[in-house]
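Order of writing sets the labels: A, B and C. Residues in every chain begin at 1.
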Amino acid sequence: MFAAFDFDTVSQLTANGIINGAAYGLLGVGFALILGVTGRFHFAYSITYTLAAYFMFTFWDRVGLPIWPAVLLGVLAATALGVGMEQYIYRPLAVRAGATALLAIFVASLGLTIAGSNLVQLFWGSENQILEGPQQEVINWGDVAFLNFDLWSVISAVVLVSILAALMRWTDLGRQIKATRVNPELAEIIGISSHRIYLIVFAVGTFLAGTAAFWYSLKFSIDPAMGLRPVIFAFVVAFLAGTASSPIRVFLTGVAVALLEQYTSIWLSVRWTQTAVFVVLLVYLVVLAFEPRRVILSMFPQLAREKV
Amino acid sequence: MEQAEGLVTSAISGNGESPDALVVEGLYTGYGRKQVVFDVSLRVGRGEIVALLGHNGSGKSTTIRSILGLLPAQQGAIHYRDRNVTGISSSHRVRDGMAMIPSERFVFGDLTVLDNLLLGAGKERDEKVRSRRLEEVYELFPVLRERSHQRAGTMSGGQQRMLSLGLALMSAPKLLMLDEPSLGLAPIVVEQIFDTVARLARTEDLSVLLLEQNVGQAMRILDRAYVMRSGRLILEESAEQMRARDSYWDLF
Amino acid sequence: MNYFDQVLIFVVFAVSLNLLLGYAGQVSVAHAAFGAIGGYAMGFLVVEHGWNYLPAVLLGALVAMIVGTVVALPALRLSVEFLILLTLAVSLVTIGIFTTFPVLGGTYGLIGIPQAEIFGYQLAEPRDWILPLLVVAVIIYLLCRRMGESAYGRVLKGLREDPDATRSLGKNVFAYKVSVFAVTSAMAGLAGGLYSGYLQLATPGVYSFDTSLKIFAIVIFGGIANLMGSVLGAIVVVLTEPLLERQPFIDLDARDASLIQLIIYGLLLVVLMMLRPQGILPEGFSIWRWLRGERGAAARAEMDAEGWVPDIDPATLRVGAEGSEETREREWHEAPVVLEVRGLSKRFGGIVAAQELDMDLHRGTITALVGPNGAGKTTVFNLLTGFIRPDAGSVKLNGTELVGTSPEHVARLGLVRSFQDVRIIPRLSCLQNVMLGVQGQTGEHIGKLFFAPRRSDADERHTRELAMERLRFVGMADFAHVPGGALSFGQSKLVALARVLVTDADVLLLDEPASGIDTKWVDTMLDLVEAVKHQGRTVCIVEHNLHVVGRLADHTYFMELGTITAQGTIAELTSSERLAEAYFGTSSVTGGGG
């Protein structure tokens, strides 16, 4: 059960953790933004992730575009899809369902995911597809080995999250997004259109997911079920970090989760590491349930709309 | 105590020149099945300070929410600066110069003072105009300049109220509606805020609709008052007539 | 025949999930995981330890029940989003655990479970399973139906819609939450034991997250709290795939058919939510009632008419001449004290909600609590009824200390409140809403529901009579079967009044009884409150409309910044200059008129 605890192994695991963490972090930031600002439990985030990969593949393989335009178009197409979900499904539903909106949106989101993942199988088949882009190279840095893809994915993730953080901190739009998240009624009173803000937030969140999907596809392959696990990690990271946290903090939480996943392999066999993260989530939720409400409310201000 | 001069002309006159910032006619509104406001008609002239008084739950807040456009008017019409705005979205009304400060949660607590104020500037793109307005707000409320990078929610109640007023002023409004601004504040702070509002009304051509239970303080600055009870208007009086009353208990 | 068996198994899954999700409102995506526990436990016992089939299935169900109970505990305090996440985590961890242990077959699961044998009969063919599965499905259906449509089910619905309002009527919603999780996970475990016995497999694929979603979809299609709908849903969902394969229009192979089936479910879920969030068949829908055309249409037409007033028996309102203010004040002082509040204090961070608050409520009188905005009046009600725990002080009801007791216990002891925003349960009929208030219903306990059925049914009839009586009292008897959500604000206030009256509580705290009521019959509402007082109940009202207070109150407390600063008759209070200052503010900082 106990593997050798040496510096080499730890460095490699750390590197792996950072690489995976960049993906988890990116997904977590996107999901936290959507959940935090709109309050919608956007389960269909997983299908926008998957479809980003398939769209890219289609543009590259079927339409014949070079890799980079194909990727860009693919991500943009998925982003349009995410925005479309908010515009044509979630929003009308929220207006109609009133008090039961949360459940109705969750169920609709579930339906979109089920329909989407099977549509993918119908049109593209269930076998794995390969996306071929730049040449894969292994980089050795001391005792640590990783791919060029890994390096670029981490850098791009850090850049994207930093841009988002800067946007949130210094631009008008960022302020308006934060305002909508923190006090939606007052935001409406001062003339911020929540409609517009929600669309923007869905666009940003979906874009981030699409980017993560790209790096995954390049390194591994594209398959219909690829969306489920990453998005579960997105939920985990978003909830652990708190949806009111800055993008940087959510991102770092993602890295922490990935590192945890890696380090547990030192003590536990691989079979357990898969489950370890979910066990941590479970423990966290249990602890949360027995904590004073004040703690929950401070982390998730959107839950503070209570009447007592 | 100065009296506002001659703003007692009626609403929309034949030749199109309307001195009124706001005219509400026969407003019925509420929340879904809960009817709250019945047949309310009022007006606020340009540069006038008008109070809407009444007990808690009499429908004052609901009325101004409908004026701003947050609640649809089930019946009746709302005219803002000689335009019929009934049915127009609230963000449009805000862009045209309507502003409201709610009675609760009136600042963005998790954001800094500066962020709050910049949010108030809204659609104003011109940097110079923004900076000027920001300076003006800081002149009015120096404490906000000192604490511009502090999280709004950590300031005292009075300071947050000042911030809420500053936030509203950043949009250079023509009609300002205040929902119980004196709630929970010390009398000295209330006096300061009311004095500022009164001064702005006189100098900046700002029309004010003030909702209050704290009649005493409001009395110093208002020109006219309406009184609501259980969703209906029961009274309209000038400031003089109000002051002549020996007790307000009948109104509530 | 194969499909018939599968339908029956999914009926058990769906009907039990509907009890949890539809009746109790607990959004769980872990239902298949409980099935997995049952299936794996059965498989393990039979394969590794040579148990007989039936005992193994039962033990599997027991294990699932225990796990379900444990899961319910954190679920008690979590909101919907977190509950979804919790059940998701449980689902993943459960499957994760099963795939980790080689003795449970690792990633492949348990295959080659021997054929089931019940009472000596080998269940070799699918058709052999029909009878046992049918028996189980019918039993589970009847159990769920009995639970859902009883007093117990009524509390579940209250838990679903408004847990706090339900607690304020004396129901311990936490106990119900745990019990419904326990029962439904046992049923899921049972279904799992049967499913794995039928398939002779217990694998992660069988009990995947997809399966949980399939069951979830069946419940949603069939309708929230509609068990017959879940049966229909199970039939439709299980049969769609073979139907798609066999239809003559488009040539589909098995794989495509199964994909299209799932696409259809997914899209249907979305479409369904957009059109009818409550499912195809509405709650409480019954074929019999629909055939009989009982729709309450007449009542609804009347209700929407202008100038509606409640239909109250004038005899109830004939109360005799009210005394003068002084007389009422004197009578107030002479009546014995029922509720004694001393030194009640509460701070929220920097804000003082209550400070050394002293108050008495006297038997058979109406006491009013007034004060300027922000004085904390509704908070006082929350402190008295146990929704908020005070920092210090004591509240004694007939000598019993209430501080530190849960809200449901406070209600049971005889202190009940109404809410400013009414909180009538929209999806229950007016009658059911009022029935929820009756105390000590036999049918609320699962045990008594099944082991003392005649007593439970008799008690239910009695509860219904009590509720109808109160509805008649407030003039809403014609609306007994109209859903709460269809009422106007004023009408729902009447039903809320009936609901607190039926609790037979000694002390009623009414939060703004007259606000939001049409001026045409607001006086009737005030008459009702007076009639309640004359029946011997003790009433305390919070009001902002001082005319209402003048009319109703025998004694008034004036509250400022969390403490009582004056008390007496309204005339006394309004003649005080200091109070006028506190209520209306001074005209200048230096004080005095201006």
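Just so it is clear, a contact is a pair of C-beta atoms (placed from the backbone, for glycine too) under 8 Å apart; a residue touches a chain by one contact, two chains touch by 3 or more.
Just so you know, these numbers come straight off a predicted model, no measurement behind them.
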Distance-maximising chain from chain C - centres being C-alpha averages: B
Chain pair with the greatest number of C-beta contact pairs: A-C
Chain nearest the global centroid, as defined over all protein CA atoms shown: C
Whole-Å gap between the CA centroids of chain A and chain C: 34
Gap in Å, rounded to a whole number, between the CA centres of chain C and chain B: 41
Centre-of-Cα separation between chain B and chain A, whole angstrom: 43
Residue ranges of chain C in contact with chain A within the complex: 27, 73-82, 84-86, 88-90, 92-93, 96-97, 99-100, 106, 164, 209-210, 213, 216-217, 220, 256, 259-260, 262-270, 272-274, 277-278, 382, 387-388, 421, 426
Residues of chain C defined as touching chain B within the complex: 372-374, 487-489, 512, 514-516, 518-519, 522, 544-547, 574, 580-581, 583-589, 594
Complex contacts: residues of chain A adjacent to chain B: 172, 175-176, 178-179, 182-183, 185-193, 244, 301
Footprint of chain C on chain B - complex, ascending: 33-36, 38, 55-58, 180, 182-184, 187-188, 190-191, 213-220, 229-232, 243, 247-249, 252
Interfacial residue positions of chain A with respect to chain C in the complex: 35, 41, 89, 92-93, 96-97, 99-100, 102-108, 110-119, 121-122, 228, 232, 235, 239, 271-272, 274-275, 278-279, 281-282, 285-286, 288-290, 293, 303, 307-308
